[in-house]
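Below you'll find the structures, each written out as structure tokens.
Below are two complexes that have subunit A in common, paired first with subunit B and then with subunit C.
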Partner chain A sequence: MYWLPRDQVRLLVNRLAESYAVYGPRRDEVSGEVVFDRLEYLERLDLQAAIPYNPPKHALLPQYEEILKYLYQKQSRKVTIEKISKVEPKALVGLRACDLNGILCLDRFFLGQEFVDEVYLEHRQKLFIISNTCVRPFPQCFCVCTDSGPAAGEGFDLDLTLAGQGYLVQVGSMKGQKLVEELGLREAGPEAQNLREKIVAESVSSFDNFALENKAWISRATNRLTTGFIKPEVWEYIGNQCFECGACSFVCPTCSCFNVEDVNRVDGPTDRVRTWDSCSFEGYTKMAGDHNPRKPVEDRRNKRFFCKLSYSQSKKYLRPGCVGCGRCARVCPGDIGLPNVVTYIRREITGE
Partner chain B sequence: MEKQLVPIVTVPEVATVVDIREEIADVRTFYFTFDRPEIERAFRIRSGQFIMCTVFGAGEFAVSLPFSPENDRKHISVRKVGKVTAALHELQPGDKIGIRGPFGNGFPFEEIKGKNVIYVAGGIGLIPLRSSIVHVLQHRPDFGRMILVYGARSSRDLMYKDSIREWQATRDFETYFTIDRPEPGWNGQVGFVNQLVAGLNLPAENTVAFVCGPPVMFNAVIKELKLKGIKEQDIYSTLERHMKCGIGKCQHCAIGRTLVCVDGPVYTYRQIKTLGEQI
Partner chain C sequence: MSYYRGICNFCGTGCGHLLQVEGNRVRGVYPLPGHPLSRGRLCVRGWHIHELLQTEERITRPLIREGNSFRPVSYDEAIDFTASRLKTFSGSELAFLGSPRASNEENYLFGKFARAVMKSNNLSLTSDAGLEESARILLEGCGFPAMTGSLSALRQADFILVVGGDLTKQNPIIASEIHFARRSGAFVATISPRKTQMARLSQQHLRPNPGTIWLLLEALARALQTEGLVLIDNLEERVENARQYLEYLDSLDLKQASALTGVEEQEIIRLARKFYESKSAYAFYPVGIQSLDRRSISALLNLFLLAGKLDRPAGGICPVTGISNLLGSLDMGVSPAFLPGYFPADDEASWKRLEELWQVRLDRKPGKSAAACLQEDQSLKALLVVDHDEEIIRHVNRIKELEFVVYFGAYQNAFASLATVIFPRLNYIEGDGTYTNSERRVQLSQKKVEPPAGIKPMWEILSRLASALGQPWPYKSAEEIMAEISRVVPQYSGLSHEKLRASLGLRWPVDDRHPGGTEFPLAEETGRRFKFVFEGSADRRQNLHSGEAGRFPFKLVVGRSNYFWHQNSVMKRTFIPKREYNALLLLYPGGFVEVSEEDARALGLREKQPVRIVSEAAELKLATRISPDILPGMLYIPYFIEEMIPGFLHRQVSELEKNEEFFLPVRLEKVE
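Let's turn to the complex of A and B:
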């Protein structure tokens, strides 16, 4: 473990900026929200800011991404297809453990199944990740219920834990080791590991006092969702609450459904683009000819929670599909964020 | 033997439409060859797989493959039903399309050798079954009884009339045809496919059935096949879903815990029953 004095964070970030586009939490001047986005001004990185409004998944899965470009000249019947590669190396600085776990879910889904997703792979290979331990939870958090925080366990290049006037720095990769050596960080000493464990333990024990908005009874809900023993009335109630806005999908660190469209440009060629999609939209499963196997809204809603918490889906992610960030609960206008859904399932079980 | 081509995953391979045939109203068959000779030589499929077909300037759609894995012209048969398929129907011989795939699991072939094989199709449900029918015919001695039950709304709605004529003349291939309402000059049965199935003397032991058609027909036929004693795990079908990627990533084709593009599109009826969603 190494020691990074607070006033040297700038040096670290400046060094990263030489080779990467730096992304991190910053406060948006207009809305006042903390957002996780590209930092045009590095000094606006705020490692103490609250959990960002959005997860970092747009760095790997942009909301709108051109993946191919083709030109078909109809007269000469000549086709040229070009794979677009605009992916730049990115450094994600100050990722919360929940968001890092979200990226690990995406990794296992896009890289670890039947096919490797070449587009995602290119983004992923060019990523540098610095995680940041939550030394205190935020009101919306329930990562301790989903085993995804408050501290990162794996998947980072470097991991920071605030301890007084500086950060304890854990190295997670060769890339991380190289950076630490280039910066000339000093060893944090023999007590560093114990100190970090103590800080994390204090953070966990403070959930009762600070994480006030959510509590989630995840394991029982997982059991129920997997075995299907949830009454249709529960889903109907949840379905009736749903506005079908898709916000939950868009702020979820692990939601990754996308649409593919061919967009004709005025200057001739066509772009094949990937865009974010959501299973809450009616058109998501609608086929040409108007057959829609998932028409009722509750039929579509339970699929999302099946995806987040069922055992079969967890096998793809090697962990639950929910990382306990609480963002869905924050954005949902119908009050059916994941913690509430788990509560409805719990009430059904306990008869409260 | 030629090396098996790995599926074309991301960038479509350009192919030329070499021939177009009118099948029934709004359904055309497009014969194609790949422009790159090495792809043309190495492209292999299993019956029951599908491809993603790009109509340049319009988009991409998933479509099942009706040709046999061996000695058969590559083609797709497509109903004009949406924006992209309508653009496909505008194409002329010589025009280009893009192909990704083949994707999906496909029908069993080696596993069903020695068994009786029953095909039941409704309307354009014959399209995905044609591949397996032709393939089994190419290896006829390896299989037991071979039966096709095919129904459509009218005689004009029967797909692959050339193939049908050929099959009717094939020894050891029992073929039955039905249309919904009587027509002058029609010599086959009249009524729904399930009614025709009900009246036939079908084997049940050592038998597999392949069923494809609209959901109403599908459910009615399954009922009859089960009454005949055919087991749920021996009844196969192929499902369709809105698909965008074909490689298990966009998740539009999720049914229950499975993705049709990688876990399907071929499912046994026993699997379909446990998916927990409408087909």
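Let's turn to the complex of A and C:
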């Protein structure tokens, strides 16, 4: 482990900016809220800021991305296809552990199956990741229940943990090691590992009671979800409150639904575009013959939470599909969100 | 690729968002967490606004018609040509159709161009006239023309009544606030014939027969009276014409009202009690897309006055605007009834004041809405239109007959093909402008990208036209126009772009006494005066469209609210919202009529079975869609995209689409 004095974070970031577009948490001046964004001004990076309202997903899976371009020539009946490659190297600085785990889930979806998604792969290969331990959790967090925080275990190039006047720096890759050496960081000493463990343990113990209580319930909910032992009335209750906005999928660091569209450009060729999508939309599943037009809403809700918590999905991701970031609860017009769903399932079990 | 703060421009909720911009293109959108109203939420439309803002189907150059095609021309040529043609018309031969999606600055200038330069008072908006009607009633009844409550304080409410439409579809984030209020303890009741999602999220749902919402609201007032829940003594001091109104109410028989509306008397009394007991009561109704009707708005206002709920800094009457800047457009006086700032057009003092401010002589001849001109005015010769983004164009044939049509538009659409001259328009993120949401919140939307092909802002084109027509206008930016608005519109007197840049919107009135805006305008006594709004004491049954129960037993309602995805020519340029409304079309390619489960059973109808709908005047064939959401005896046809509008409805639609209180008596026949 290495030691990075607080006032040298600037050096680290400036160094990264030489070869990467730097992304990180910053505060919006007027609303005061935290956004994970490409930093136009590096000094706006705020490593102390709360968990950003948006996950870093957009850096790997943009909301709207041209993936290829093709041109069909009528006369010659020829099609020319061209890969659009605009992927720039990016450094994600100050990722929270939940969000890093979110990326690892996306990796398994896009890279870990039969077909490797080449566009995603290119984004992924050009990433430099610096995670940042949560020395205290934020009110919406429950990563302790989903085994995804408050500190990162794997997947980073460098990992920071604030300890007094500086950061303990853990190295996770060759790239990371190289950077540390270039910056000439000094070793943090023999006690560093223990110190980090102590800091993390303190953080874990300061989670909201709600998160701690829910810890056991999340696994019971997982169980129920997997075995289908949840009464239809629970889903109906949840379905009635769903506004079908798609937000829970868009803001989830692990949601990977996408849509593909062909857009004809005025200058001739056609762009093939990939955009975010959500299983909460009727058109996504294209249910045919909806006799009861309401029922599918519940089914779609059911599907998303199944995807986040069931065993069968966990097997795919090698971890639960939910990383406990609490974002889906904050953006939901219906006040649903994963924590509430767990509460409803819990109420059903206990009959409260 | 970075995120910039902005506001959603679809509906009148005015949610805050972050637009992700890369170079000169919008690539994504995300909700703005700190926004005082939307608090980090967006609806499905708002989540896809970047798809619309990506489209290349723009109008990028001025065009002049030549025969059946258009010739691209320079701005100079288009402006000279337009000015020379406009010179040949008198004010009453012209009509102006403003856009509720355009900014306050654009609408203000458009209105000034009509009134001050062209001396025409035929000035209105492309949306329905419900907001104007609502403003007139509220001005008469409480002295304030717009929402009297506060959306950002809604979670403290203990009683919320939602009347008509379906807010979860029209203004989803306002509906979401109501839902959150309920979850923190408010009692929520919905009055609508349809079982909407809003109704499902309510503790009480009253389902009056189509056409009887106003009667149900009067019955609620009557129930307050018969249950002894009104402080009669003090009422006459509080409200101007209390005695006459109470007499009017006396003539209402609750039992009869219950029979006519189809709502149980006990249900009415239960709701009246809840209302009476509340400390912070809100009422919501839709305006702009398919507004609540005049009588129901008056009855709702009277109900609140009777219970003494309006003069406290909690709660209020809340018209909810269906289109982004609908309220602002009316604030700017794009209306035959009001000059900028709600000065009535039938009052000489309003005109004198405006002449003074504008330093120009104005014509007093009463104006009409553009729709009324098209419908009934044979002397109409020319029309100026801003962003007509409806797919369905009424009065097409009349418009084709006109001598001269000017169109200002951002996107290519069916309306553009009717024009003589077309001016391209910026979309809302290509220039600065302010937009006023339902709760009077004026928000500044700042320029985020450069317009394609050097498109000029509308204020610049209007200024050059005005100069060419002999009134040199000095405007150099939208900011300067706002500076003028703050002198002309008293409710905006304390506003400037500079002030708005540092805020997330301020609610008008913003003036010397309220520099930070006003949350509850009726909490202060200044300007407040209460008066019941009603029309004599007619037999209430006469006002009910009874139909011919024998031959035409069904009430056919044409609805715009339930499947409404915003002006379709806008939505068609998105991917996901388009796909979502197409999902229904895929299932019912020829359109559908909704039939209740009970009626379907009685008539032996299956899902998708073809049926014939027969009215006095015509008939049509559609597929059946069996719906648990509508009342027996009622039929519902969504009016939202061309393919789904059966031809014969076109003719009746101007009546039917006024609001969901209008219906057509029809008969339903099974087609084997």
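Here is the rule we use: the second predicted complex is superposed on the first by the 333 of 352 C-alpha atoms of A that agree within 3 Å, B and C clash if a C-alpha of one lies under 4 Å from a C-alpha of the other, contacts with A are read in each partner's own complex, and residues count from 1 in each chain.
In this text, a contact is a pair of C-beta atoms (placed from the backbone, for glycine too) under 8 Å apart; a residue touches a chain by one contact, two chains touch by 3 or more.
Bear in mind that the values here come from a model prediction, so they are computed numbers and not experimental data.
With subunit A as the common reference, subunit B sits beside subunit C without any clash.
Applying the stated contact rule after C-alpha superposition, one finds that A:Asp277 touches each of subunit B and subunit C. Contacts of A:Arg77 after superposition on the shared chain: subunit B is touched, whereas subunit C is not.
With both structures placed on the common chain, the touch criterion links A:Glu181 to neither subunit B nor subunit C.
By the touch criterion stated above, A:Glu202 is placed in contact with neither subunit B nor subunit C. Contact with neither subunit B nor subunit C is seen for A:Glu233 once the two complexes are overlaid on the shared chain.
For the three-chain arrangement built by superposition, the Cα-centre angle with subunit A at its corner and subunit B and subunit C at its ends equals 80°, in steps of 10.
Once the two complexes are overlaid on the shared chain, A:Phe110 sits against subunit B while remaining clear of subunit C.
Of the two partner chains placed by superposition, subunit B and subunit C are both touched by A:Glu261.
By the touch criterion defined above, A:Glu154 lies against neither subunit B nor subunit C after alignment on the C-alpha atoms of chain A. Per the superposed model, the minimal spacing between any CA atom of subunit B and any CA atom of subunit C is 8 Å. Shared contact residues of subunit A, touching subunit B in one structure and subunit C in the other: 259, 261, 277, 286, 288-289, 293-294. The part of subunit A that touches subunit C in the complex is made up of residues 28, 30-33, 35, 37-40, 53-54, 58, 62-64, 240-241, 243-247, 250, 259, 261, 263, 265-266, 273, 275, 277, 281-283, 286, 288-294, 330-335.
Contact residues of subunit B toward subunit A in the complex are 7, 9-12, 14, 16, 54, 56-61, 79, 81-85, 94-96, 98, 240-242, 244-245, 247-252, 254-255, 257, 262, 276-279. Interface residues of subunit C facing subunit A in the complex, by the touch rule stated above, are 1-3, 5, 16, 18, 20, 27-35, 40-44, 46-47, 50-51, 54, 56, 168, 172-173, 175-176, 179-180, 183, 197, 200-201, 502-504, 575-576, 579-580, 582-583, 586-587, 607, 625-629. Every residue of subunit A that touches subunit B in the complex is listed here, in rising order: 67-68, 70, 72, 74, 77, 79, 81, 83, 109-110, 113-115, 117-120, 228, 256-262, 264, 270, 272, 277, 279, 284-289, 293-294, 299, 303, 306-307, 310, 312-313.
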